[in-house]
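Below, each structure is written out as structure tokens.
Shared chain: chain A. Partners: chain B in the first complex, chain C in the second.
Then we have the complex of A and B:
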């Protein structure tokens, strides 16, 4: 019997897909169904699982640690996704300029994303020590605040005087004219130096000793250590998204800009009417990937909260909560509870992404 | 030729069949060289006659996770390391074989009673301690000499010890007396000295007046100019500060010996006991210990028991001790000539060895385990220590918060 060409083609496709379907079935579908099953039991890896109904889910919402993890996850996700999307777009626009040596800049700005999270976390621990670089920089800044203020004041005075002078001569100038600043800035620097010599401006005694990591103090409801992780993670993920934006920008036909330029459109109009609408599919991809990635934050919490000395309560996220319950240090595994939390996290991720699609940026348009 | 080869192979196969294989596992790192040496030189020669072959599988990475998974899946080795810290949650599962059947009372009696007690759960013995550690006080002789301060000694109370630290810190501006960590694994020894117990008869944890006394003393060391917070010196443990000469003293076990050998080989350091509580005139301590335990699902339990005996035999412990690797768990080794040798490391090991013995009939030395609660139990106390050490909470507030968290965990009083 001869198979029809179509059937044969279908069989080939199936055959080639088999390895993928197999891994998908074993490591995703089967694992997922097991997790669903365990979430309704009190399984602890050793005794046979006993059905407990919804008890695990109820227990989750009575656990203050879980509620904290939930809040941290949502806040973190929101802040990091907005920050990294905005900054990546900004960077991509800058790196899309036809400048000499731009490739070198692209490489440099892409580098942070190559750093492993473990190495990045170590850097973060150094930066945010009580005697670390961040506190030292802040101390330096505060100590020299009088100088900086004097400099700013002198610059404003000199620049203002020059602008007034030019205006009186009838030349149209703005306050931010770079040509005038070229004269005002060195003069202001000299002035500040003179003030310092006269002893009118002095270095202040300032020592910032904010404990960034071993603390549960919060800013805007988010603990300091989590802010540190936010900064670090934004820094390491921007490059990846910047590359996606760059690819998107390259795909926009130049002719559109040329036509707009002929019509006398300003750069802002070109950006908001041409660039952003045509970047929409990339924007959707970046925001969605960002949300999914940030909702599952784990490594940095392990490095910074687990062994870095930040209190667990100040850094815990849902993914870490799951891990911490499967392998609690020195206690029996709570697989049932962890499965329930994991499913909750999966549901939350799905919900957030759907909401984003419905009310935020989608592939096709702003809704 | 081919025939000869076949015969040879068949013979090899037969001898392999006649042998019983016993799989043993422990963590990786430096332990690999130690266990391999021990097996080759001491254990295997003994077992060859019995036809037992020991297969050693060290685990790099997270050993606890691996062991829990392996025991759950039924693929665990016949014998494995068990850390006292998470031992109780494993004893409770029934996956660990009680050893009373394989060891006589007399054989068990040869090990230090505190260690045997640590691995006894509901009247049954679940592990033979392979070695152990306690906390001791290490001090840098050069730093004390330079500051012109007397060395800490075993008569020191918290107050006299603190006075010495304060002198060192005020004389040598850039050296801390001690660097304190926000960790119950160090602070707990002082809390025990007051007579405070981690759990009362009902199994609840009560942070009482005694606990508070130790807590106030320990967290106040920084404020009173006797110590610095380890993290502010960029270190995670007291040994790190000590090795880098950022602190004059350290509170560590014998493990610091190997670290100092690498990091500061020429450092002149001495070791003495932890200071005494000025009120009770006693000292508390922790016992950190690891046992060899047997898999309840093992197929060759008798052979495994023989391997277990060989691994913890006097010869094996002597071998380990002479290399300065660990403190043996046998009572008889207390009078071992090794401990009496001059030198900083034998002294360190001797003090650590003696740290496990209770004094005056009152036992204030506790194994480093907290029922089945593990790290969950320590976390509220560690966070209270950290909050007070970094000046974010008052002692009152920190202890109130810690008590509330412990009440949630161990039940209300």
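Then we have the complex of A and C:
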């Protein structure tokens, strides 16, 4: 009788799981196994696959385009992950204050990460045109460099003078004292304005016309168009991770900070001794998710490339390499090679996950 | 530290914090705002970037409304119908008291670039008559340092003959060197040949047609070659349809699977869950080759039983291959585990089957989780690119919106028609932005629930 109840429960489970088993079985397990099989064969979608052993994997590493794609993927992944983790943490720290209206700000900041990669890519394309907003902003910055320098100098002088004055009065102040800066900043602005009126600082002629996209030129070994994608994607993913960090920060007991404050700990000590260690699970989660997400860069390559855009060699990634070998223009599909590259990509992803399991704090971070 | 000093410091700190928050806000919203403004311009890549362009002036909105009303009776989208007449006034600065010699013409201009250029619309020049320019006023005028005269002209555009409805009536107005356009009923969208030719793409635009001309063009110019139907509209509807079905299947099947994984005991439960996690890590590029072939054969030839050769280029294929995502099951499993067991035990003791327990008792409790899942699934499907890009290749009518945007980018990127590309991008964002505005809590919290993304 008991056994029968068990069987019945199993049957119910089977019924409830059927759609999932179908999807997982046909579109994941079967597909995964076939990809493994294809990776050991020579297959062009038309004639039957021919077993070639490890030849595809060896061929991959002789293909300059694959090596390029590998380098781009790794570089992109590392740069974007470190940038977005760092900036998202900074932002979360700034937002984790008991301020009125903080929720509204949080909502506004989240905006860039709800839009599609397609729409974001179109915006990227427009921003990074030769006469686009990025070049215009750079030109504006360069043209007003004298003003900015004057402003910084004046601010430093005024702030320094105030701090010295306070110190002589006997109050302990640091150089970045916000109360004093609130006076120094408007004064420095006024001073710069006066200098401009007197003609001592002048707007310079500057017109930056960097061709960001239709170029293969590199900076630090990464092509310009890829830099453009890096900037744009960092911009759109920061908010997502900021929210994760915020949730993590909320979980840190306030009492710890209060105790530390009683012991006279500085903000930096509190950050490095309390915040960072207690945020470790979230930190690892963010880094892992960042790496996994960035390893699969594909859409932007397609959007940024093409007519009037970036040359393929400057933006190709592993994901695109796989696609490009299955559906090459004007050539027979190289499914074996593509599968080998895809499995290589999967291997990279799993490596990241294993490393996080090994070094990160696993379970808590996943929920 | 005196209390006064402490209060001062507190204020300063708050001021800094808000300043910082505002700066971040500008950073996160600025590019979108600038992009949106640029999408209204005739030339979104103009240098220097200005914020005071004709399309944002209320004076032009009013004029566009009236001209559209007079031209066709439609103040929103304008156009011109037989028997109607519109009047346009322009004022030029000219150093002499004798009026400058103005040349007005209705050019035979192709209505657009890229996809729009293929279609042969009726030319306004064949149907519409232009009367004028006729001088109505001359008076002394000072323009900065220069002394001279203001000459006001009136242009009548009349559609007297019988004929078709005209979507647009372009106008070019050429003035001699030294004459400066001071004002016009409706500001021209372009100044050509060193500012000597003022050019209107449409003198009867209607409010939307003027302020959002790129958006209107996105709908009008991307048309199917066979049927003449608006492709952009089709793509939007397709995206809605697919997202809607996907949300439905995901909600039902993910709750079912999530409940089984969370509550029912069966052999291999742990293994299945680990396998589910594993499937979330593997990039789509690994499985798409086989999935493509499976859909091509109609899922092992099964679809032939229903008289369908292949599932490529069909929504059935797209939906079948993504009935339920691993991430959605994961979210639902987590949620069901958070519900106290006692709730269901009562039902089980009363003899309810697991199915009854799930659909009668647990699911009604799960509305918040289902809501969050629905929104996340909608967003994911609406924005998805890679898999639809593989499955849906032809004809263009079956594309989803992101695929449509790619074909936009390819059709108009070459000719540099950035207004249309940006307009397409912003149009595609609207549903998500509305959803976000209403349910932003779910978006923000959803990240925490489904920390492992699909």
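Note that the second predicted complex is superposed on the first by the 268 of 367 C-alpha atoms of A that agree within 3 Å, B and C clash if a C-alpha of one lies under 4 Å from a C-alpha of the other, contacts with A are read in each partner's own complex, and residues count from 1 in each chain.
Here is the rule we use: a residue touches a chain if its C-beta (ideal position, glycine included) is under 8 Å from a C-beta of that chain, and two chains touch if they have at least 3 such contacts.
Remember, predicted model here, so these are calculated numbers, not experimental data.
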Query raised in the report: Now for A:309: first (chain B), second (chain C), both, or neither, which partner does it touch?
Result: both
Query raised in the report: With the two structures laid over each other on chain A, which partner does A:345 touch: chain B (first), chain C (second), both, or neither?
Result: second
Requested in this report: State whether A:256 touches chain B only (first), chain C only (second), both chains, or neither.
Outcome: neither
Requested in this report: Please indicate which partner A:217 is in contact with in the superposed arrangement: first for chain B, second for chain C, both, or neither.
Outcome: first
Query raised in the report: Is A:55 touching the first partner chain B, the second partner chain C, both, or neither of them?
Result: neither
Report task. Identify the partner contact of A:122: answer first if only chain B is touched, second if only chain C is, both if each is, neither if none is. Result -> second
Query - Superposition-derived comparison: chain B or chain C, residues of chain A touched - result: C
Query raised in the report: Looking at the overlay, does A:142 come into contact with chain B only (first), chain C only (second), both, or neither?
Result: neither
Requested in this report: Please indicate which partner A:35 is in contact with in the superposed arrangement: first for chain B, second for chain C, both, or neither.
Outcome: second
Query raised in the report: Where does A:47 make contact in the superposed view: on chain B (first), on chain C (second), on both, or on neither?
Result: first
Requested in this report: Could you pull out which residues of chain A sit against chain B in one structure and against chain C in the other?
Outcome: 45, 126, 129, 131, 307, 309
Query raised in the report: Can you list the residues on chain A that touch chain C in the complex?
Result: 6, 9-10, 12-17, 19-20, 22-24, 26-32, 34-35, 38, 45, 91, 94-95, 97, 99, 102, 105-112, 114-119, 121-123, 125-127, 129, 131-133, 136, 171, 177-182, 235, 239-240, 243-244, 247, 285, 289, 292-293, 295-296, 298-299, 302-303, 306-309, 318-319, 322-323, 326, 335, 338-339, 342-343, 345-346, 349-350, 353, 365-367
Report summary line: Listed in rising order, the residues of chain C that touch chain A in the complex are 1, 5, 8-9, 11-18, 20-21, 24-25, 28-29, 31-32, 34-35, 38, 44-49, 249, 253-254, 256-257, 259-261, 264-267, 269, 272, 275-276, 279, 281-294, 299, 321-324, 326, 329, 334, 353-355, 358, 379, 382-383, 385-386, 389, 401-402, 405-406, 408-410, 413-414, 416, 418, 421-422, 424-426, 428-429, 432-433, 436, 440, 443-444, 447-448, 451-453
Query raised in the report: Where on chain B does chain A make contact in their complex?
Result: 62, 64-65, 68-69, 71-72, 85-86, 89, 92-95, 182, 229, 231-234, 236, 369-370, 372-376, 379, 383, 386-387, 389-390, 392, 408
Report summary line: Given the complex, residues on chain A that touch chain B span 44-47, 64, 126, 129-131, 211, 213-217, 307, 309, 311-313, 327-333
